[in-house]
Amino acid sequence: MFRHQKELQFEVKVDRPDPVFARQVQEVLGGQFGEMTVMMQYLFQGFNCRGEEKYKDMLMDIGTEEIGHVEMLCALISQLLDGATPAEQQKAAEDPVTAAIMGGINPQHLLVSGLGGLPTNSNGVPWNGSYIVASGNLLADMRSNLHAESQGRLQVARLYHMTTDEGVRATLRKMLARDRYHQYQWMAAIQELEEKNGVVVPASFPPEAEQESQPEAYEFWNLSEGTESGEGLWAKGSAPDGTGNFVYISNPVPKGQIYEPLIPATELHHDLNGETIEK
Amino acid sequence: MFRHQKELQFEVKVDRPDPVFARQVQEVLGGQFGEMTVMMQYLFQGFNCRGEEKYKDMLMDIGTEEIGHVEMLCALISQLLDGATPAEQQKAAEDPVTAAIMGGINPQHLLVSGLGGLPTNSNGVPWNGSYIVASGNLLADMRSNLHAESQGRLQVARLYHMTTDEGVRATLRKMLARDRYHQYQWMAAIQELEEKNGVVVPASFPPEAEQESQPEAYEFWNLSEGTESGEGLWAKGSAPDGTGNFVYISNPVPKGQIYEPLIPATELHHDLNGETIEK
Amino acid sequence: MFRHQKELQFEVKVDRPDPVFARQVQEVLGGQFGEMTVMMQYLFQGFNCRGEEKYKDMLMDIGTEEIGHVEMLCALISQLLDGATPAEQQKAAEDPVTAAIMGGINPQHLLVSGLGGLPTNSNGVPWNGSYIVASGNLLADMRSNLHAESQGRLQVARLYHMTTDEGVRATLRKMLARDRYHQYQWMAAIQELEEKNGVVVPASFPPEAEQESQPEAYEFWNLSEGTESGEGLWAKGSAPDGTGNFVYISNPVPKGQIYEPLIPATELHHDLNGETIEK
Amino acid sequence: MFRHQKELQFEVKVDRPDPVFARQVQEVLGGQFGEMTVMMQYLFQGFNCRGEEKYKDMLMDIGTEEIGHVEMLCALISQLLDGATPAEQQKAAEDPVTAAIMGGINPQHLLVSGLGGLPTNSNGVPWNGSYIVASGNLLADMRSNLHAESQGRLQVARLYHMTTDEGVRATLRKMLARDRYHQYQWMAAIQELEEKNGVVVPASFPPEAEQESQPEAYEFWNLSEGTESGEGLWAKGSAPDGTGNFVYISNPVPKGQIYEPLIPATELHHDLNGETIEK
Amino acid sequence: MFRHQKELQFEVKVDRPDPVFARQVQEVLGGQFGEMTVMMQYLFQGFNCRGEEKYKDMLMDIGTEEIGHVEMLCALISQLLDGATPAEQQKAAEDPVTAAIMGGINPQHLLVSGLGGLPTNSNGVPWNGSYIVASGNLLADMRSNLHAESQGRLQVARLYHMTTDEGVRATLRKMLARDRYHQYQWMAAIQELEEKNGVVVPASFPPEAEQESQPEAYEFWNLSEGTESGEGLWAKGSAPDGTGNFVYISNPVPKGQIYEPLIPATELHHDLNGETIEK
Amino acid sequence: MFRHQKELQFEVKVDRPDPVFARQVQEVLGGQFGEMTVMMQYLFQGFNCRGEEKYKDMLMDIGTEEIGHVEMLCALISQLLDGATPAEQQKAAEDPVTAAIMGGINPQHLLVSGLGGLPTNSNGVPWNGSYIVASGNLLADMRSNLHAESQGRLQVARLYHMTTDEGVRATLRKMLARDRYHQYQWMAAIQELEEKNGVVVPASFPPEAEQESQPEAYEFWNLSEGTESGEGLWAKGSAPDGTGNFVYISNPVPKGQIYEPLIPATELHHDLNGETIEK
């Protein structure tokens, strides 16, 4: 069960409204790597967690924090939109320059939300559940979390340069700090889990079943012309878990057959000539 | 520019058709972490790559390989569907047990694709572009790639136990091996990049701008009751890059204000009583 | 079966083209609460109606009217786009102000529809079937209809202030009038249905099954700090159907357990240490 | 800012696992009217609220409660899935009846979430942000809330009859009770707001602008053959706010013109013969 | 403006309910090529038509007919669902065979629509506006229409074999007949338009601008190993409009450069080493 | 299996960056009829092809070529974005005209892709799998292909007029040439298939089953007022395959019944008064 406190986690004060910038901020609220994503991802991982209590508790701590980040971004967007009105759009029709600036506004900030944050990205595409994952495998999911915080912090950093409003920037700095901590946090969790289970996900697939395909687990296939790819760590040396050495296949040859499909029954109406073969 | 060879990368032969299993396999073809995802993700990362040539070349090598994995899975699904016909569905109406089994089939495998693979997941949801990312930041993207291969291999491993068909299993074993290698590969790339740039994405955000929020970059906020989360590596010790020590905040207090929004102009029709204040 | 008359339901004449405004109008054509939504919602409710004939007939009357509203909005958008051409975009590259205004245009109005209305909202997101509902329960659905007409009329009212074109405004006034009537209409239908069945949806759930949880049906849980919520009608007095009195729980305590999930079988590859317990 | 308590709001205990039923429960978790919808809708309405404090506080109370309902449903689904394994699917291949039952399972409960709740509906379609609305107009939004609780309670009631598991039913009874209260709650709020502002949304549109279209605000257009629709309250009597009397137009005649669009410029490549007229 | 007649265009009577088949029928109602698609596509093409009146009138005739087809399919699905109840699902829990059959039902037919048609496909994916096109170019659009009727009729034909219910089959036969006519209709329209404008869309692109790339307009690039593709009409002989002869390039060589992108500004945080070059 | 060559198929060089135009180009990369669509459509048709080898080989040739077109468009967009930075957005806040122009940029080109192409259309809507079809019926699919190339070339032609950059135009001319050839190619394939199988898809539906509805296969129903539609080839003369003559029904009368649905069981909670009839 959850509870709400009226204070925001960090202060959100905007020096002056900027409805065009409000549109850009939507990316880090309702975009692929926005706060809605990390909030829902950590909550679902926590709700479904079947691992040790410390992981579940930690996921619930951070998932709960992220609900408050969605709250902060809505407060930020609302302030950026303060004072924007349909009438300004109307006046814009008379002054071409203003008109043009208003053209960069998200029309839904006026028409749909009445000057509030939307559950959508910077192009107005609604947030959706396929942005998140909660697989039950802790290592896989924490790699996902590290990746989400990396993309999220990258976007906040880019956004930071798109405004000179010191109020906005102060809020973004708090988010950059938290995203920094959250990257550390997932790295630490990953380190723990890799030490226990090994680095390959999932760790528990029966090794004997992998025996047969052992060579293919260490081969780099050079399928794009040029051999610059041979210069990376992935192409020489040994696997991080020391189970084998990498092999660079410069001229890879396919190992499979040419697949020749059966002709389906007439009822599927492929309308082919010749023999119809039903298996 | 690309070229196609008729042979599949690895052999795909199914011992006997199994249209219900064909539905499950769709997850690793057109699902969130299926082969379409890694194919499109690596290709877009490669096409857009503005980094060193060895990264671009490597991304093109593996992106090109993944197109062939989509090809293999279509061949697998086609074979699993061989012989499934509308007439079997009709006969099923007479035998309740068969009818019931046919109820587990993806109806689009008959109606839409005529016994072929679909660009959708195991529930028929179409693949979409928001499954992928190509941000230009190599470290962020390679963390995404490691995560995608982790989730993908996890799903293939789970799928493996859902069939006893030795032909299918042989194909899945090749995919497990390649997913193992691809995890190693991204780990190696990540190791290189972290050594050069540091572990936090993005590395180039000006440190002076982070000064002010320095404390918040090392704090764990315990927002879910219980302190089991204090037992993890993320709660004690120091950051992976040695820039600070973690602080566990047991009873966190919000640092922000209670946000009191302005009343918007009448034209937005919030229909509030009292004074209308326009900023 | 349906028939079409060539005349529009109401006159649609635009004083002068305005391609930027055409983009905004898309919200009330193909957005969440646009005319496509009410058209499809009323038609599906009518097609599926298993209630008294008067409801079905009424739904078909209004659903049929709404097809004509989609027609009117397409005529409106087409006229707003009249004369917009790719060449203007080209000229725009030379004059920064014009260029900027053109930047506010929906590019699909040129590229995709060739100056016609699109089945999308003001941000170009395609209309989809999850905007509508037809549940079979008349009271539930008519509440949905009242809500859709409320949101829809609100958006048209906001849009009205974003233009000074008298031709456009005359069309919007007709839509505002119809949306007013349609709100009355659903209120009247709701009044009838509530008098017959009671105010809670669904009315027919067996009361004995609700006995046990009777208290929870009248409690307000104060889960956000502060007790301003105690001042509303929902917190004091009695239920609209007189079946009980509201109770304001100032300091709610959870009534459930701490959920401790089972560890799943190894084959699910959660990769946990310790005992694996299969139920 | 938010906090989490470990106890669930109400007890969630399942008598025996039932993975097929777990699939159906997804509808009220991640469907159009599931708990994710009311949670996100109330939170966004609360975050963006520019009205009196008592509305904002109330929205935050109930939005916060709904986060806990998502938590409860995840606990319910996890328990319904306990013990489901890929191996059972494999065994199913041998026993046709079991195989058939397993065919009704959501494959993503095994492959994607590893026996946890998913942010999707009963057909696996991901939850998305266009399920919700927060318009800033309190009356419009509370009508939406009443409607959502009506559809949601209807679905839970239908679901109730699809299981005989007493544990599950006890949980569903709590949800039915809360959905009953929440319907009362929105009705009470609506009553307050209608008394203050009037029944038509939005109330603040300038009456003089509506003058011209006054007749169309009270007319029922009989566009579907048959006049059964004339028997309802919406067709006779007066508007709920007493501003006029309803008129039933039995044989409605269109009032608009036949729209004759202009031929667009050649550059749009409509490829028409005859004169090209650019406005 | 539109009107509705109570009679269905053709009789829809089902011999006996079949809720599993109801799920399959959804494909031709709300799927990519279902009746909702042709209805909305022809209506939008008609509403936006800027061509000769005979095309607009014809599009409105057929678009209006298709609304009635959506109506017919809803009647078909309703009848297939008659008598399906949650209680049957409950009884199913006791009889494994029945349970299994019920597993093939679309759960939303019970939970969401209460035994009515849904605006979704056979897997429950909502219909969306990107299934349709209305480009303004008549030839392009009528090719789209011919294609939609081809896919649609193919699906109905496949569906036909999945039932033995004579009532259902009689309805499907009417749809097959109309889809046959509609294919003829678009072919006839295409023939007219190709005779006037030529076979390549769009016809009006200035020929001088195409001069430079003239060779590439007639070349087949053999980019997949093997030369079986050389046996088709597309590889030998001349273009349908007699403007050139096809050339089969057996060993195609790329004509473009190796693209070397610029390094972006630091603010984009690609985190590259070495020189940062801003253009 | 696939291979990649570093050279682009055709040269892609841009005279000067133009980030607003980069947004428009996204339509032909990731839109409904963009290069991602034809790439994925031809590849899936090829992978699933159960017809003669020459069709499969041809589909693989052209599908493989289209991967290279996606590559070219990414190179085009990257060059159009060269030099765009968040700092320019910041400067824009000072100069209204520049600000306005920047308002026409896709914010995701800065925030998400870091100056690279995105798998989305010109409004930022992600590409999705329901844009494509691979039905197994060659004639149906090649009609789809002809249609896709027609819409695609139309969009490129419109785009051509929206820029004066000679570098961009040279690239677009190559695409126009290839789209011309691809239209010829599908026409040729269609001609072959129609000669073998007949013009109606599918050809193999048993003629005796169509006997009963023979009249409806040749009737034009005039459901929109006015008889201009009687002037087209589709209304007079005979079917393209000579199997019958068209009949123009000026005043069509419905042939079906008025559908009267059954009242569902109480458990579905339609909450109707009167008798409950279960079938």
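The first chain written gets the first letter, and so on, giving A, B, C, D, E and F; residue counts start at 1 in each chain.
The rule is short, and it goes like this: a residue touches a chain if its C-beta (ideal position, glycine included) is under 8 Å from a C-beta of that chain, and two chains touch if they have at least 3 such contacts.
Molecules present, by chain and UniProt name: A, B, C, D, E, F = Manganese catalase.
For clarity, every value in this text was computed on a predicted model and none was experimentally measured.
A.B. asks: Could you name all chains that are in contact with chain E (Manganese catalase) and with chain F (Manganese catalase) at the same time?
C.D. replies: Touches both chain E (Manganese catalase) and chain F (Manganese catalase): A, B, C, D.
A.B. asks: Report same or different for the chain D (Manganese catalase) and chain E (Manganese catalase) interface, where same means the shared residue numbers exceed half of all residue numbers found there.
C.D. replies: Different residues, largely: of all residue numbers at this interface, under half are found in both copies.
A.B. asks: So chain B (Manganese catalase) and chain E (Manganese catalase) are the same sequence; what rotation in degrees superposes their CA atoms, nearest 5?
C.D. replies: With C-alpha atoms aligned, the rotation comes to 120 degrees.
A.B. asks: If I average the CA coordinates per chain, which chain comes out farthest from chain C (Manganese catalase)?
C.D. replies: B
A.B. asks: Approximately how many whole Å separate the CA-defined centres of chain A (Manganese catalase) and chain B (Manganese catalase)?
C.D. replies: 9
A.B. asks: Rounded to the nearest whole Å, what is the centre-to-centre distance of chain A (Manganese catalase) and chain C (Manganese catalase), using the mean of the C-alpha atoms as each centre?
C.D. replies: It comes to 28 Å between the two C-alpha centres.
A.B. asks: At least two partner chains per residue is the criterion; list those residues in chain D (Manganese catalase).
C.D. replies: Only 1-9, 32, 48, 50, 60-61, 63-65, 68, 75, 78, 85-87, 97, 100-101, 103-104, 110, 112, 114-115, 120, 123-126, 128, 130, 133, 135-137, 139, 154, 157-158, 160-161, 201-202, 205, 223-224, 226, 254, 256, 261-262, 264, 267-270 qualify.
A.B. asks: Considering only which chains touch which, how would you classify the arrangement: line, ring, star, complete or other?
C.D. replies: complete
A.B. asks: Write out the stretch or stretches of chain A (Manganese catalase) touching chain B (Manganese catalase) in their complex.
C.D. replies: Residues 5-13, 17, 32-33, 46, 53-58, 60-65, 68, 72, 75, 78-79, 82-83, 85-87, 110, 114-115, 125, 128, 130-131, 133, 135, 137, 139-140, 143-144, 146-147, 149-151, 153-154, 157, 160, 169-170, 173-174, 176-178, 180-181, 183-189, 191-192, 199-202, 205, 209-210, 212-224, 226-229, 231-234, 237, 239-240, 246, 254-259, 261-262, 264-265, 267-270, 278-279 of chain A (Manganese catalase) touch chain B (Manganese catalase) in their complex.
A.B. asks: Within their complex, state which residues of chain A (Manganese catalase) touch chain F (Manganese catalase).
C.D. replies: 18, 20, 23-24, 27-28, 31-32, 97-98, 100-101, 103-105, 121-125, 155, 158-164, 223-226, 254, 256, 261-264, 266, 268-273
A.B. asks: Within the complex, which stretch of chain C (Manganese catalase) touches chain F (Manganese catalase)?
C.D. replies: My answer: residues 1-6, 48-52, 85-87, 89-90, 93, 96-97, 99-104, 106-108, 110-112, 114, 120, 123-126, 136-139, 193, 196-197, 201-205.
A.B. asks: Once bound in the complex, which stretches of chain D (Manganese catalase) touch chain A (Manganese catalase)?
C.D. replies: Where chain D (Manganese catalase) meets chain A (Manganese catalase), its residues are 1-9, 30, 36, 40, 43-44, 47-48, 50, 60-61, 63-65, 67-68, 70-71, 74-75, 78, 112-120, 126-130, 132-137.
A.B. asks: Using the touch rule from the top, collect the residues of chain D (Manganese catalase) that touch chain F (Manganese catalase) in their complex.
C.D. replies: 154, 157-158, 161, 267-269
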